[in-house]
Amino acid sequence: MLKAKEISNKELIQETFDLIESNSHLNAFVTLNKENALNKAKAIDNKASDLSLSGIPIAQKDLFVTKNLRTTCGSNMLSNFIPPYSATVIENLENAGCISVGKTNMDEFAMGSSNETSFYGNVQNPWGENLVPGGSSGGSAAAVAAGIVPAATGTDTGGSIRQPASLCGITGIKPTYGRISRWGMIAFASSLDQAGPMARTAEDCAIMMNEMCSHDLKDTTSLNKEIPDFTKNLNTPIKGLKIGIVKEFDLSTLDNEVVKIFEESKKHYESLGVEFVEVSLPNINLSVPTYYVVAPAECSSNLSRFDGVKFGKRCKNPKDLEDLYIRSRSEGFGEEVKRRILIGSYVLSAGFYDAYYKKAQQVRRLIKNDFDNAFSKVDLIMTPTTRGSAFEAGSMNDPIQMYLEDLFTVPANLAGLPGISIPSGYVDNKPLGVQLIGNSLQESQLLNVAHCFQTSSDWHLRTPSSEIR
Amino acid sequence: MSWETVIGLEVHVQLSTNTKLFSGASTTFGAEPNTNVDLIDLGLPGVLPVANREAFHKAIRFGLATNAKINQVSMFDRKNYFYPDLPKGYQITQMEKPIVGKGSIMINVDGVEKLINITRAHLEEDAGKSIHDLFDGETGVDLNRAGTPLLEIVSEPEIASAKEAVAYFKAIHQLVTFLDICDGNMAQGSMRCDVNVSIKKEADDVLGTRAEIKNINSFKFIERAINFEVTRQIKILEKGKTVVQETRLYDSVNNETRSMRSKEAANDYRYFPEPDLLPVVISDKELEDIRNTLPELPKQKEIRFIAEHKLEESEAKILASSKAMANLFEDATSKTKDSNLIAKWLVGDVSALLNKDNISIEESKLSSDNFATLIERISDKTISGKIAKSVLEDIWDSGKDVDDIIKDKGLVQIQDESILENVAKKIIENNPDQVEAYKGGKEKLFGFFVGQVMKETQGKANPQSVNEILKKLLA
Amino acid sequence: MDKETVATISYLSRLAFDKDNEDKITKDLENIIKFVDQLESIDTSNIDPLTSPLEQTAKTRVDEVTAKNRKEKFLQNAPDANEDYFLVPRVVE
């Protein structure tokens, strides 16, 4: 990151906005914070600051509310929403000296895996003209991959940090559920949502984690556990570490190239002294159907507050209250969001609750138990992050096909475990990540293993410009 | 055919916490609209609830006082529905694991006691207020009340009449005010109830179809609404038709219940565990501490009053019946020793005035200080009992200070015996016929002479002195 | 999953779809529900539902006022309000 101060803070921030401008075709940003950002940089130039991340430009996913700066969550519903407060994550980063340069594009209310559900248009993957960046933190991933900002914030409900990190060739970590405060994160599925950093390297992710984590009394689901210095254990030798390979994931259904990258990175870890063992997670293949009951159920309730009464969009000339509700919501939400609200209402409705919602939460416990068992045998679990590399925009029209994209990422959310995606290879010049899942609270270990991989490989250093331009 | 009424009550008690159930906004009544509203109460995107522990403590007090099971692990659920004064589109309530489980409360109807079982009592947040009649074509929403902690107390369907229902509601009112968990102010909506009414044939085991009458907030209206509803349902059944299960509204102007929006029936609240709130655990020690600091309840007070002040049971019962009455009694006994005199005044004149105006002590102008002073002036013989009565009436109307009233109206009792003797002599002189009759054996006439002296002194004479003087003069 | 069910849950969710979309939505929901029906295959009797991965207990708050009056700001942000109230079309009770 910005360690050597060769240029002024203001110049750096100006340069960042120039990069945003020259990369405007990516559509990575929804709202810019130019004036404030430049003023803050100027202030640091005038009065040197010893804050750890002083003057570092950061892109914020547009799901975090930012005081007095428009926050849309990728939705038409909030196209005019100016929050009266800031998320804890935003405050933590800004208190550490970071400069928020703007709000990044995302799938509407974080529901999507390709950034195609955003009301503000698709985000282009910097690695190819018509490629999706993944989602839902697609704008953040693209902004980091394109070298506009050194790091960005993301959120991950079913893979929304790790999947776009994989598809854009960057590093992204979803911490243990509760590690980072959810105060000011617009909720999609409360029991699954977790914020995390996206950056080029694991080391940068660790630096970000140090500032993003805090005990927050405003979020009673935030953990009471000690927050370590995540950078401290980087470079700890990983010799003798045991990594589990999931028996139930049938990789033969994946592209040969994808399997090859996975196998090669296994070899790489082995060269660092890691031992691989097969572990069994008997219920893991029920993760996606479980997720697609739990997440919509919580979302259907969480999104009820968008009713056109207190904030957000209201339809024109409502003829009565019902008309106001129905038209404001029908006009304000996009297709995918509506689809998930309907599924959620259905699985919670009288007569279906036990068969779907309760059942899914029971299976969820089985999945968590599977992980608990596995972690009694291994330190980490390794899986591909995604089924393949970035696909073309508009190529995936079947919702279920799209949902299955999350196969490898949703289990960590269901069990509340930390997971990291590490750039590990290229398929047809498109980046691809490999995922490591850690036991609860083991982010330091994940970051260290990723860091050891990265200090002995260069996949994470390749940039779209060095490859294709 | 003989019909049987079955009633169940859901009483909503507003807990008297300083802040809301899930936010640090004040719960003060009567604030300017939308000023007691936090980010959380508005349900802004990204906000999260944090539970107020005091609300749990207050709920537990109720549970302990009704011999209920306290669930030391309790959880919140979401109840989903759309309404403008429900900012999040769901209400946070306790469905699966309420803080208070099964308990019971004794009610008293015309001197007959009956134990009513309580199914459960759970915490939930109140909604805001919709104001329908203030603006042209629009409804205004005030969120000051949104998020205020409520304890919803659900009775078993064991209440058999409107009278019993009122007695039950009164018993709850008495209890929550004694426990200091609710201010009991009905006019401000601090206690409201939903009434479930059904009718069945006496011989039937199965309950009839019920109608729920929503949101009644006075003793009087509970009685009237139930009576109307019972008559309505019996009429339907006697025609051989069936009662529709629905939600009804009591219209106090026309004294009738009527069906609410039919869409209410189509509502499906889609309850599920609130993922933003983890289970709240009450430790054994916490529970013990609450048990040990539980305020004295009416029955205990009654027993203590009898023991400490040698009161009659009937007197003690009345004095212990409301917190304000008991406070008045105890404040006065701390200032003047004559507790029997205090009890006599409270049970007699004060109660009579309350009944006459149909108000509670809190609503009257009688302060505890003023009442204690009044008693003091009677026992130190500054005024006579008769004068005291008129002073009390004066306080009742004006709320003025006792000593000011005595001074302004010159009501100080005449203690000087020579003055009284002169008056008595004059009366005897002016009524020779009565004197003769009295001396001839008509002893009842003694009262006549006392009365005349009192009249002459405008009631200010000390009756005991008058008696003695007259006896001496007429001997 | 039929059109009537879709109509019911649409109403519960306060969402509406035009005729063209209705068929597509019904079909999509049907497929998704069929997909999640896989869960039926597994025996979960006596398994406690896991509603939060954080199996800890709640932190609570002391009963002290911390909020300030932000009425003006809140009402400003509202789609329709006067100086005191949020406004919606008249609700008939």
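Going in written order, the chains are labelled A, B and C, and every chain counts its residues from 1.
Criterion: contacts are C-beta pairs under 8 Å (C-beta built on N, C-alpha and C of every residue); 3 or more make two chains touch, one makes a residue touch a chain.
Worth saying up front: this structure is predicted, and the values here are computed from it rather than measured.
Asker: Based on mean C-alpha positions, which chain is nearest the centroid of every protein C-alpha shown?
Answerer: C
Asker: Give the chain pair, either A-B or B-C, that is connected by more C-beta contacts.
Answerer: By the number of C-beta pairs in contact, the winner is B-C.
Asker: CA centre of chain A versus CA centre of chain C: separation in Å?
Answerer: Each chain's C-alpha centroid was found; their separation is 23 Å.
Asker: Would you kindly tell me how far, in whole Å, the mean C-alpha position of chain C lies from that of chain B?
Answerer: Going by mean C-alpha positions, chain B sits 39 Å from chain C.
Asker: If you average the Cα atoms of chain A and of chain B to get two centres, how far apart are those centres in Å?
Answerer: Taking the average C-alpha coordinate of chain A and of chain B, the gap between them is 56 Å.
Asker: Note the residues in chain B that touch 2 or more other chains, in rising order.
Answerer: 39, 42, 50-51, 80, 82, 84, 139, 141, 268, 270, 275, 277-278
Asker: Counting only residues that touch at least two other chains, what does the list for chain A look like?
Answerer: 81, 84, 191, 217, 220-221, 300, 307, 309-311, 321, 325, 345, 349
Asker: Quick check on chain C: which residues sit in contact with 2+ other chains?
Answerer: 8, 12, 14, 49, 51-52, 54, 56, 58-61, 70, 74, 80, 86, 88-91
Asker: Can you check the complex and tell me which residues of chain B touch chain A?
Answerer: 39, 42-51, 78, 80, 82, 84, 87-90, 139, 141, 268, 270-272, 275-278
Asker: Within their complex, state which residues of chain A touch chain C.
Answerer: Residues 81-82, 84, 177-178, 191, 217, 220-221, 223-224, 283, 286, 289-290, 292-293, 300, 307-314, 318-327, 329-330, 333, 338-339, 341-347, 349, 355-356, 358-366, 368, 399-400, 403, 414-417.
Asker: In the complex, go through chain B and note every residue touching chain C.
Answerer: It comes out as residues 17-19, 23-26, 32-39, 42, 50-56, 73, 80, 82, 84, 130-132, 134-135, 137-143, 249, 260-261, 266-268, 270, 273, 275, 277-281.
Asker: What residues of chain C sit close enough to touch chain B in their complex?
Answerer: Residue list for chain C touching chain B: 8, 11-12, 14, 49, 51-52, 54, 56-67, 69-71, 74-75, 80, 82, 84-93.
Asker: Mind pulling up the chain C residues that touch chain A in the complex?
Answerer: 1, 5-6, 8-10, 12-17, 25, 28-29, 31-33, 35-40, 42, 44, 47-54, 56, 58-61, 70, 73-74, 77-80, 86, 88-91
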